[in-house]
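Each structure below is given as structure tokens.
You will see two complexes here that share subunit A, one where it goes with subunit B and one where it goes with subunit C.
The block that comes next holds the complex of A and B.
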């Protein structure tokens, strides 16, 4: 399960929708086996558009839990001086380097084995062979 | 009630037939492919009930998360391409926040909910996950499929159990053909102790008995075959949609119908979240 997927997962328990703690799920770094896949290709324009759609706070939170403390608290902006936001063609070298790092984190890093839990109800969901299972046991469904 | 039926006639069955089913699902349907290819670069979407994930790799420039209730099929998807983003979840309890995705697809899944109320609820649930203005492409099996091998058509019952015949596993094939035949038929009777004048009658009787044994054997084999077939036939519940019904359900679910049509024995709708 790619790191980016954590940005789109909340607790399945309906009652937790009334809380603000059902997202992101909590990942215990010590219980998660992290793998890197360097074959995922870097596409700056794709990533810029993805960044528009992510919840940055959740990325920072999950990255910290998994042992990465290096992210800035606010989402990096990639606005070129000519005011052309979100076009990969006129990124500075520094901006490209930041994007490259985010590519490694969001798309090349995944959780192969491990677990995540809800910050509200504490229900634990397992990740096995890279696949998270968010089905609920009968008593919670 | 409805949930129990879906558990027994949908969820359990897909796990039982997962690997065989997955072998038959590799050809993407053209209109689904076209829909996915037209999503802008960097769009984020979901494939609800993605099965073995045959739509997850169509457009490399989008981020699509596939989910399915069947862990067996999700494992097939992961084995086909471990770059697919897949997870096991119930389509009625999707683990995503509301108003999040640019688009959704759900191909041949909504027909597995067993009441109209639940099908509308499922469509509504999918729409709840996409942003306002975003589109979902939904397919359901059609009642009108005269020319298909199943032959369903107008006027027939819409709530049906559809058989899936598993091919015999290698183990089963061996046990039935390697099994020593219960009796070897002799080509001629042993006449050494039979007095000459009784031989004609003895042979006639022997022939009759042999014939009876042969018939019994054939009957037994047929019964065995039938039992294997029965054991290997799994029934899935479907609601067959009639013309116009899917549009109605999408409207009841709060969506706006942007397009609709028929492809591969299915009705489809492009529904927009208002």
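The block that comes next holds the complex of A and C.
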């Protein structure tokens, strides 16, 4: 499961929808096996669009849990980020470097094996062979 | 005609692509321009519930539906065999460049609210006494396959759960493509969604397949 996917997964337990703690899930860094796929190509425009969309606090939280302390607490802003199609062509070298780092984290990094839990109900979910299993046992479904 | 994916797997375990799958592919082909225009250069989050072999998601990735290089694809299936097969089908068709993750889960119960821009669902729509219980054992392939077909009363039990939750699944501009068979009584369901829940609903495609009539509808808020 790719790192960016953690930004879309909440606890499957319906009752946890009423809490603010069902997202993001809590990833157990010591129990997660991380792999990098360097063949994923860097596309700055894709990264800008992703950044536009993500919950940045959740990205920072999960990155810390997985051992990456380097992200700024506020979402990086790009001077020319105004939503038009050629935005990426106006980026400075520094900005490109920031996007390149985010590319490595969000798109090249995956959790191959591991576990995560809900901050509200503490239910534990597993990732095996890169596939998260968020099915609940019958008594919780 | 857009190219269709090469699919091969053990159909004792995973739903074999059939008329319903192909109607969905044709519907998405017809909707290409609509989707391009709707999402333009924005990031689009695509989720398929019940991807089975992955034929539909792979078709979308291959043909850059909804947009070129700007989409995240998620395959969410209850069956462990389906999630594995969906990843394999994508690989076999050289879709490694697209962003795809597959998750074993029950419909959208684990998706953060209001994030899906394009939802695709070819549900278990065959009327049956009840929806089978989820087997405890991966090896119970017979039951996993039954889950691909049997939709309980009127074949609508699983689909109705998605319709009831559509407002929490879709993003503000999100659209859902959902397949029905005639026994699901889609006209009544669509009328209910329009009259009582203010959804906008369009028939995208309808086709006779043997003794069945299949249809794909598009649901959106506007």
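Keep in mind that, in the parts below, the second predicted complex is superposed on the first by the 134 of 141 C-alpha atoms of A that agree within 3 Å, B and C clash if a C-alpha of one lies under 4 Å from a C-alpha of the other, contacts with A are read in each partner's own complex, and residues count from 1 in each chain.
FYI, a residue touches a chain if its C-beta (ideal position, glycine included) is under 8 Å from a C-beta of that chain, and two chains touch if they have at least 3 such contacts.
Given the structure is predicted, the values throughout are model-derived calculations rather than measurements.
Enquirer: Mind working out whether A:73 is in touch with subunit B, subunit C, both or neither, as first, second, both or neither?
Expert: In the superposed model, A:73 contacts neither subunit B nor subunit C.
Enquirer: Of the partners subunit B and subunit C, which touch A:131 in the superposed model: first, second, both, neither?
Expert: Touch status of A:131: both partners.
Enquirer: Find the residues of subunit A that appear in the contact set with subunit B and again in the contact set with subunit C.
Expert: Dual-contact residues (subunit A): 1-2, 4-5, 8-12, 14, 23, 40, 43, 45-46, 49-50, 52-53, 129-136, 141.
Enquirer: Residues of subunit A touching subunit C in their complex?
Expert: Per the touch definition, subunit A meets subunit C at residues 1-2, 4-5, 7-12, 14, 17, 23, 39-41, 43, 45-46, 49-50, 52-53, 55, 83, 85, 107, 129-136, 138, 141.
Enquirer: So in the complex, the part of subunit A that touches subunit B is made up of which residues?
Expert: That would be residues 1-2, 4-5, 8-12, 14, 23, 37, 40, 43, 45-50, 52-53, 129-136, 141 of subunit A.
Enquirer: For a test of understanding, state which residues of subunit B touch subunit A in their complex under the given definition.
Expert: 40-44, 61, 63, 65, 67, 69, 71, 74-75, 78, 82-83, 85-90, 93-97, 100-102
Enquirer: What residues on subunit C touch subunit A, complex-wise?
Expert: Subunit C residues touching subunit A: 41-43, 45, 69-70, 72, 74, 78, 80, 83-84, 87, 96-97, 99, 101-106, 109-113, 115, 133-134.
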